[in-house]
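Handing you this structure, nothing more for now.
For clarity, chains are labelled A, B, C, D, E and F in written order, and residue numbers in each chain start from 1.
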Amino acid sequence: MSGDGEHVGHGLPAAGGTAEESLAGGELAEFRAFRERMNREILDEGNLVMNRFFNLDGRAYESGALDVRTKELLGLVASLVLRCDDCVTYHLTRCREEGVTRAEIFETLSVGLIVGGSIVIPHLRRAVARWSELQAMA
Amino acid sequence: MSGDGEHVGHGLPAAGGTAEESLAGGELAEFRAFRERMNREILDEGNLVMNRFFNLDGRAYESGALDVRTKELLGLVASLVLRCDDCVTYHLTRCREEGVTRAEIFETLSVGLIVGGSIVIPHLRRAVARWSELQAMA
Amino acid sequence: MSGDGEHVGHGLPAAGGTAEESLAGGELAEFRAFRERMNREILDEGNLVMNRFFNLDGRAYESGALDVRTKELLGLVASLVLRCDDCVTYHLTRCREEGVTRAEIFETLSVGLIVGGSIVIPHLRRAVARWSELQAMA
Amino acid sequence: MSGDGEHVGHGLPAAGGTAEESLAGGELAEFRAFRERMNREILDEGNLVMNRFFNLDGRAYESGALDVRTKELLGLVASLVLRCDDCVTYHLTRCREEGVTRAEIFETLSVGLIVGGSIVIPHLRRAVARWSELQAMA
Amino acid sequence: MSGDGEHVGHGLPAAGGTAEESLAGGELAEFRAFRERMNREILDEGNLVMNRFFNLDGRAYESGALDVRTKELLGLVASLVLRCDDCVTYHLTRCREEGVTRAEIFETLSVGLIVGGSIVIPHLRRAVARWSELQAMA
Amino acid sequence: MSGDGEHVGHGLPAAGGTAEESLAGGELAEFRAFRERMNREILDEGNLVMNRFFNLDGRAYESGALDVRTKELLGLVASLVLRCDDCVTYHLTRCREEGVTRAEIFETLSVGLIVGGSIVIPHLRRAVARWSELQAMA
């Protein structure tokens, strides 16, 4: 959270994150503004456990033995089967930044659908709507 | 998904589904329009796994050793304990079409409440509100 | 479990529950002995909330607008999608006592499979193994 | 649900609950009105299992070996890891009434964050926003 | 599992699956024998929904826009956050067959740990123990 | 576990943890040995995200605005509603070390039962059995 160049999953957007800034859909912008404002309020509270967790959350998606794209797909499928729309939106946004294709997104979502079952479908609909929105923002 | 006679759970409304068409509440209509639009976008993508899953989802509620009413109640209680409001709305709509009574709905929801605990209560409130809305549309 | 007084779902077996007594498989008998012993220890503790909940748990499956068989199927599918093997075993035992057929069990489980996805499969395998065991005990 | 002095978790607000009445935020007031209206509709239905469960839900947070404050914190962390925003809002409201401090809330939420992982973060953001709203209403 | 025809994830091993046959650990062999026997019993029942779902489950991991390795990693992380030990074991076995490295497995599991939280740790321990067992079988 | 340096929840037992050493039940000892061995294998792998998470997991239960006892009760109820037996065992062990009473444990578990529903009962039984075992080891 302190280093430069560090992206923060579910956290504060990196300073100068131009790629993200240009995604200016209505609801999506609102979501990002709320996330940013609340992340700041949480981090400013100075709770050591929360602050370190937010930092670690960013680290988990950094390049290593697996590249960033693959890790973002892992985050996406995990978010889908756990049925967290905000988390899905976050990882879709990151996937878009990393150049993931529509076909790759659909295959990732299809694994989540099979693993998680029909209960995932409402989240799948919102995920696809969000992805189409992100593509339209190019 | 294209055959006649097939209803599609969490999917495209059957052609000529007059029963459902007449349920014209505000928010409910909006929910159904979004569901229909996104199901179409998903199916049109041509992802084999998703398309087959959507088809299979419809098949699971067809009459067999158990009748359609019982299967819809099974879908309802499963959706409630997994806390999926959209899925609950879908199965309540289907139950209404199948002539399930208010007492049967409440008993089904009460099983879900006991199995799933107080965490289910917010979804129970929305389920009851939705059922009353569906009844008022008769 | 069907006698007078109250039956306790996931609870103390009713005195004289002859149907269940005759189900004497190895592991199943062990499961039932542990359940009975621990239910007794829990109820003897005199925690008001727990004792009332155990009682209420039994009431939820009593005949009303829906019959006992249907309610046990509801309990079964809810237990499967929440992936609770012990709960599945309990409801399968009750279904067997109520004369539910193998085809009805499979259709109920198939709804749970579609709703809950492949993550349910290991529990489905154990459920089918348990059901076959219960049938063999006839 | 009928006795005096009984607070009802996830249920009808106690008569004369002046502390809660004064919490008049916009969305929060709307949430409370819907909860109250639907709780009434549910309880008026006369489903024995639901009515007893609602009553029992209140009892679980009464003072005993543990005081009310501690029990509300238990309800809060359980609601957070199960990712139920309405339940979190309810317990935050109760915590505020019981004089829980901001630091205590943050530490409780931090335990929920570690136990439940990053999937909890969107709910954590909403919980903190809600708590700040409740504090501003003092 | 890699032969022609369809491989069935969480399903019947393909005939001639030599790679898996050579993995002969004690508990692991027992797990695989039970899985195989029960999959056969389930498929032989002839329930259309179950049989099609088992088939579809295999299809979801076939090569497409994403390669098999990536899809198995997706299946692994989804299984971990949903805390299904048997599913984790299945995908670890498949990952081993596909030549995934230990570092890639640990990074995938680390994403699951961050997303799912400390509740995932007992499953993480078993996953690592299983992976070491699979490596020792080489 | 309370000594200087950091204690690791769900992690390596602190050196010289005499209180825990004396808890020598059969299955419990086996559980602890496996946990210790696998934690070591995981930490020795040197995955930064996992190692930091394990460290952070310990920090979350340290004394702060809330005392250690309260935090362990929070960990216990969260583990119960998420239905993680190993996590429940861990927190029960810690509660025993911290001098939590049987009545406090039962009230904590009763909150978990109400929040999580009957699906929690099998885990409740095992939790009570474990607590009685821990008490007998005094």
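By definition in this document, a contact is a pair of C-beta atoms (placed from the backbone, for glycine too) under 8 Å apart; a residue touches a chain by one contact, two chains touch by 3 or more.
Model, not experiment: these values are computed from the prediction.
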Inset, instruction - Count the C-beta pairs in contact for D-E and for A-D, then report the pair with the higher count. - result: A-D
Legend entry - Approximate Å spacing (C-alpha centroids) for the pair chain E, chain F: 29
Legend entry - CA centroid of chain C to CA centroid of chain D, Å: 32
Inset, instruction - For chain A, jot down the residues that touch at least 2 other chains. - result: 9, 49, 53, 56-57, 60, 78-79, 81-82, 87, 106-107, 110, 113-116, 118-119
Inset, instruction - Name the shape of the chain contact graph, picking from line, ring, star, complete and other. - result: complete
Inset, instruction - State the interface residues of chain B toward chain A in the complex, per the touch definition above. - result: 9-10, 34-35, 38-39, 41-42, 45, 47, 49-50, 53-54, 57, 78-79, 82, 84-87
Inset, instruction - Report the residues of chain C in contact with chain E in the complex, numbered from low to high. - result: 83, 102, 106-107, 109-110, 113-114, 118-119, 121-122, 124-126, 128-129, 132
Legend entry - For the chain D and chain C complex, residues of the former touching the latter: 48-49, 52-53, 56, 59-60
Legend entry - Residues of chain D defined as touching chain E within the complex: 81, 113-120
Inset, instruction - Could you please specify the touching residues of chain E with respect to chain A in the complex? - result: 56-57, 60-61, 64-66, 70-71, 73-75, 77-79, 81-82, 87, 101, 103-104, 106-108, 110-116
